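Listed after this line are the structures, all set down as structure tokens.
In what follows, chain A forms one complex with chain B and a second complex with chain C.
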Partner chain A sequence: MLFRTITKENFRKMVEALMENNEVIGPKWRDRDTEGNKIYRFLKLNTFDELQMDYTRSYSSPKNYFLPFKEDLSTYRLEDKDWEQEIHYTIHPRVIIGMRACDINALLKLDQVLVKSAYPNPHYVARRRNTLIIGLDHEPLEDCFCRSMNSDTAFHGFDLFLTDIGEKYFVAINSDTGYMIVNRFDAREVAEDDQRRYKEVKGRIETKFKTQVDVTIVPELMDLEFESDVWKKWGDKCLSCGSCAMVCPTCYCYGIEEHTNLTFTKATKRRVLYSCNLLDFATVAGGHNFRPEAHIRLKYRYYHQFRGFVEAFNQSLCVGCNRCGKACLAGISPKVVIDDLIETEKR
Partner chain B sequence: MSLQIPHHDINLEPSMSKPPDFNRQSVLMHTERGFKSEVISIVPLTTQEKLFHIRICDPCERENFTFLPGQFVMLELPGCGEVPISISSSTSNKEFIALCVRKVGKVTGMLHRLKQGAIVGIRGPFGTHFPMEKMVGYNILLIAGGLGIVPLRSPIYWTKEHRSDYKDITVMYGAKEPGQILFDYQFEEWRKIYGLKMLTIVQEAGENWNGRVGLITELFKEVTIDPDNTFAIVCGPPVMFKFVCGHLSNLGLPRQRMFVSLERRMHCGMGKCCRCNVGSTFTCLDGPVFDYWTVMNLKEAI
Partner chain C sequence: MKYLGITLERPKIGVFSFTGCEGCQLQIANKEETLKDLFGVVEVVNFREISSEGRDDYEIAFVEGSITTESESARVKKIRKQAGTLVAIGACACLGGVNNLKSRFSLPDVVKEVYGTHPIDTGPVRKVKDVVRVDIELPGCPISKPEFEWLVRHLILGIEPQFLQYSVCVECKQRLNSCVFDMGMMCLGPITRAGCNAVCPRNRLGCWGCRGPAEEANFESLMEILRERGFSEEHIAERMNFFNAFGGIL
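Entry: the complex of A and B
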């Protein structure tokens, strides 16, 4: 990996230049919550000043720029008895600025499923290859447990990764496109002083992790404690609303909906992101539901994240951003559920 | 100074210019593209089930379509929906595939309204298969309950076409009532020409039923099973797996030589939608055919 530094003024020029010809996405301030904290979302930027480089956490993850909530997989022209299928892939280039290490690691996990295993998904691949990713370091929040999930640093999966070292950004460069871009804005070789400051910032970040979740034995616990009361305890609180999956940077399950227009001349096959907590997730035709109760569905959400995905890809699906914990109306978070599970095992 | 990020058009990838080949799982392809197929005939079997014979329209796509016994396809009615259906015909039949569909939901209900000549889409084949290659030199026990006979027709055709590879082949088939027995018109052929031992039983006998009455496990009284030289394929409702596979385990048949086919909700067939999640894996990729040892290790598989 190559490293350079770029002044904040030049970074501004770079973003403005990128905005001229490309769609640029970044964290924007959208609202305030009941406690007065700012709510951020990854949205299209119109001016540089909309970009909040000091944002805390975006409410939902930037995953949806790769896996939209709704996406037309194919369309059909229907004629009398016959039909013709049309498939289009999104290929317009896009830049996403300000992605956290956890969100980049989340994309790498999605890549495992959607690019690197059986049946690569062309819609996802098209978006992934046409997106330039500029990452951004931050000091962890109270409830971030990305460190426990080994997702607090990103080594690949981005083009540029920025660390704020005062009046400059320390830039890790991971692609030729990224290299070309920063070099056009007077990127400098890393000076001794820059590297010292970079290490200071990194060191400070390391000391700020407050929340820890011990996940080393969780894959085994998922089987050992499959019948545990913990699932019923938390599952009975679950409202089966699916908010957790909507904000999660790695949830990818979906449902297919097919629609026709009123004149039956056109049809659409649409993918809609789903949640394994929704009531009819595993309902088959005829009405049988393989997971009729909320606590069983909640258990399987964890089972997939901390057991099934581990078996398939030697890593858990969760990156430790705790967006699900923040979004959950019933106060269920991975931290409390897993701690409870470990506690049960000790008893 | 302006900057244009380079475009990457995935349509230009070599594999994307060809029709998809679902047997080459690792290749980037138009996974949503269905093979346009004509319904060449529809055979009503019972009040609930119809057998659809489907022929892929394009000759090249038809030639390239190969599958193994136990695999399934996603059958699509554009604008209506897509459903996973196991293939119920011979792997050597290059002209058409047979799909038996029970009218039970929205898409299958609409499929039952189709007329001969209708155009549907199929994607596939997907999933694992009954490992007929491992069974060479062994006896085969095929056990079906109800609709479970449908995916077994493919291995049955296979055994006919490779009859000398296998020793004794026994088909045990149980249905709820005589009117629900499927493919009874083929039983005589299976006995006489395929050289299979064919046993049927129903739970509730009707007026014209002279055969056996009882649960499928009753049939075990009539067959001698050599656990050291037998493979079993079991297909039916989950409750049947427990009794049948339990019985076979007690006889000493290794669980790795018993194969079952599971059913779950599916929206993609490609391990992406997660809907068919069973235990730690997916029915569409690691299934639908699992050996019984694997099933025992998958939470709530049966």
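Entry: the complex of A and C
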């Protein structure tokens, strides 16, 4: 990995230049919560000033820019008894600024399934290849448990990764494209003083992790506590609203819908992101529902995140961003559920 | 009209209005971009809002509004006899809707307040399914035009429509809306059937439940959440009862 620094003024010029030919996504603020805090979302930026480099929490992950909530996989033109299929993988080049280490690690996990598996997802691959990622360091929020999930730092999966060291950004460069872009805006060699400040910032971040989730025995715990009352306790509160999976940076389960237009001359096959917490997730043809109970569905979401994925890829699917916990009106979060399971196991 | 070589029938439809604001009819009539296509695949034989000519040979009847008078009751029964398929459209037809407000007071008091001594044929607010058999309910206040067209396609193809079972939260999160609970507002989105594309929370207004309950909605949990967040019983009851969508919960 190469390191450079770029002044904030030059960073601005760089972003404005990127905006000329790319769709640029970054943290924007839309609303304020009841305590006056800004509510941020990853949205398309129209001007540099909309970009909030000091953003704290984004309520939804930028996953949808790689795995859209709804995506047309193919369209069909229907003529008499015949039909013609059209598939498009191309997307307009895109830049995402401000992704956290956890979100970049989330993409690396999605890559395992959607790029490196036996059946890669060409739509996802197209988006991955056409998206420039500029990451951004931050001081962990009180409920971030990314460190427990080994997702608090990113060493690959991005083009550039920024750390705010005052007047400048300390830039980790991880791709040719990133290198070429940052060099066009007067990126400088890292001076001794820059490196000292970078270490200071990193050191401060180190001390700010407050939330820990003990995941060392979780895959085993999941099996040992398969029949635990903990699932019923939280499942009874679960609204089965699917919010957790929608805001999650790694939940990728989906359904397929087929639609025709009103005149029956065109049809569309559409992929829709779904959630295993939704009532009919496991309903099959004929109407049988394999998981009609909310607590069972909740359990299987945790199973996929903390056990199933570990078995398949030797790592949890969860990155510890706690967006699900923040979005859940019923107060269900990985921290409380796993702590409860561990507590039960001790008894 | 053909679909994959199979000839499709162009059904004759009628749209009928009972007690309501006629906004659902307007939804069908006002989307000009697809109106031509819609009228190409169905034959409208009775639809007062777009044509004064009316015939009674319709196969599918779309019924808007709640049933509140004896004459309405008789008319909807007549429609039921004629129509092969009867679809209740909108919150008033499916749930009673806002009209149901009337049912919270004694009927003579309501009549006296509104009409004084003028004689009037009015009774309790009834959902269409309380009066006649309903084949399909298309929810919403007003109905969603894309969902109406989706339903029409199903009726023409003869496929049973599968309405979304989950709640508004899914669509709300997909639109990257801020959760209105975080902004201190009450919202029935977690227990209300999706399909509206979260139009109210999108515009920073909590959901009022016009589409009725989601399948197996967890009312108890939401009630607990609303109480914990400090919403009063009166406030909760007012919201829950607004469209008469959650009758019997409170």
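In this section, the second predicted complex is superposed on the first by the 347 of 347 C-alpha atoms of A that agree within 3 Å, B and C clash if a C-alpha of one lies under 4 Å from a C-alpha of the other, contacts with A are read in each partner's own complex, and residues count from 1 in each chain.
Keep in mind that, in the parts below, a residue touches a chain if its C-beta (ideal position, glycine included) is under 8 Å from a C-beta of that chain, and two chains touch if they have at least 3 such contacts.
None of the values given here were measured: they were computed from a predicted structure.
Q: Based on the superposition on chain A, does the combination of chain B and chain C result in a clash or a fit?
A: fit
Q: Which partner does A:S243 reach: the first (chain B), the second (chain C), both, or neither?
A: second
Q: Under the stated touch criterion, which partner chain does A:S60 make contact with: chain B (first), chain C (second), both, or neither?
A: In the superposition, A:S60 contacts chain C only.
Q: Examine A:L78 and indicate which partner it touches, taking first as chain B and second as chain C; both and neither are also allowed.
A: both
Q: So in the superposed three-chain picture, is A:R30 touching just chain B, just chain C, both, or none of them (first/second/both/neither)?
A: A:R30 contacts chain C only, not chain B.
Q: After superposing on the shared chain, does chain C or chain B touch more chain A residues?
A: In the superposed model, B touches more residues of chain A.
Q: Looking at A:F155, would you say it contacts chain B, chain C, both, or neither? Reply first, second, both or neither.
A: The answer is neither, since A:F155 touches no partner chain.
Q: Would you sort A:K269 into first (chain B), second (chain C), both or neither based on which partner it touches?
A: first
Q: Once the structures are superposed on A, label A:I256 by its partner contacts, choosing first (chain B), second (chain C), both or neither.
A: In the superposed model, A:I256 contacts chain B only, not chain C.
Q: If you take every C-alpha pair with one atom in chain B and one in chain C, what is the shortest distance in Å after superposing?
A: 7
Q: Intersection of chain A residues contacting chain B with those contacting chain C?
A: Residues 78, 81, 83, 259-260, 264, which sit in both footprints.
Q: Write out the stretch or stretches of chain A touching chain B in their complex.
A: 13-14, 17-18, 20-22, 73-74, 76, 78, 81-83, 85, 87, 89, 91-95, 113-114, 117-122, 125-126, 129-130, 132, 177, 181, 184, 223, 226, 252-256, 258-260, 264, 267-269, 274, 276, 281-286, 290, 300, 303-304, 307-308, 311-312
Q: Enumerate the contact residues on chain B facing chain A in the complex.
A: Within the complex, chain B touches chain A at residues 1-11, 16, 22, 25-34, 36, 76, 78-83, 104-108, 117-119, 121, 263-265, 267-268, 270-275, 277, 279-281, 285, 299-300.
Q: Hey, which residues of chain A end up touching chain C in the complex?
A: Spelled out, the residues of chain A in touch with chain C are 30-34, 39, 41-43, 59-60, 64, 69-70, 78, 80-81, 83, 236-243, 246-247, 259-264, 273, 275, 278-280, 294, 327, 329-330.
Q: In the complex formed with chain A, which residues of chain C make contact?
A: 1-5, 8, 34, 37-38, 40-41, 149-150, 152-153, 156-157, 165-167, 169-170, 173-174, 176, 178-179, 181-184, 189-191, 204, 214-218, 220-222, 224-225
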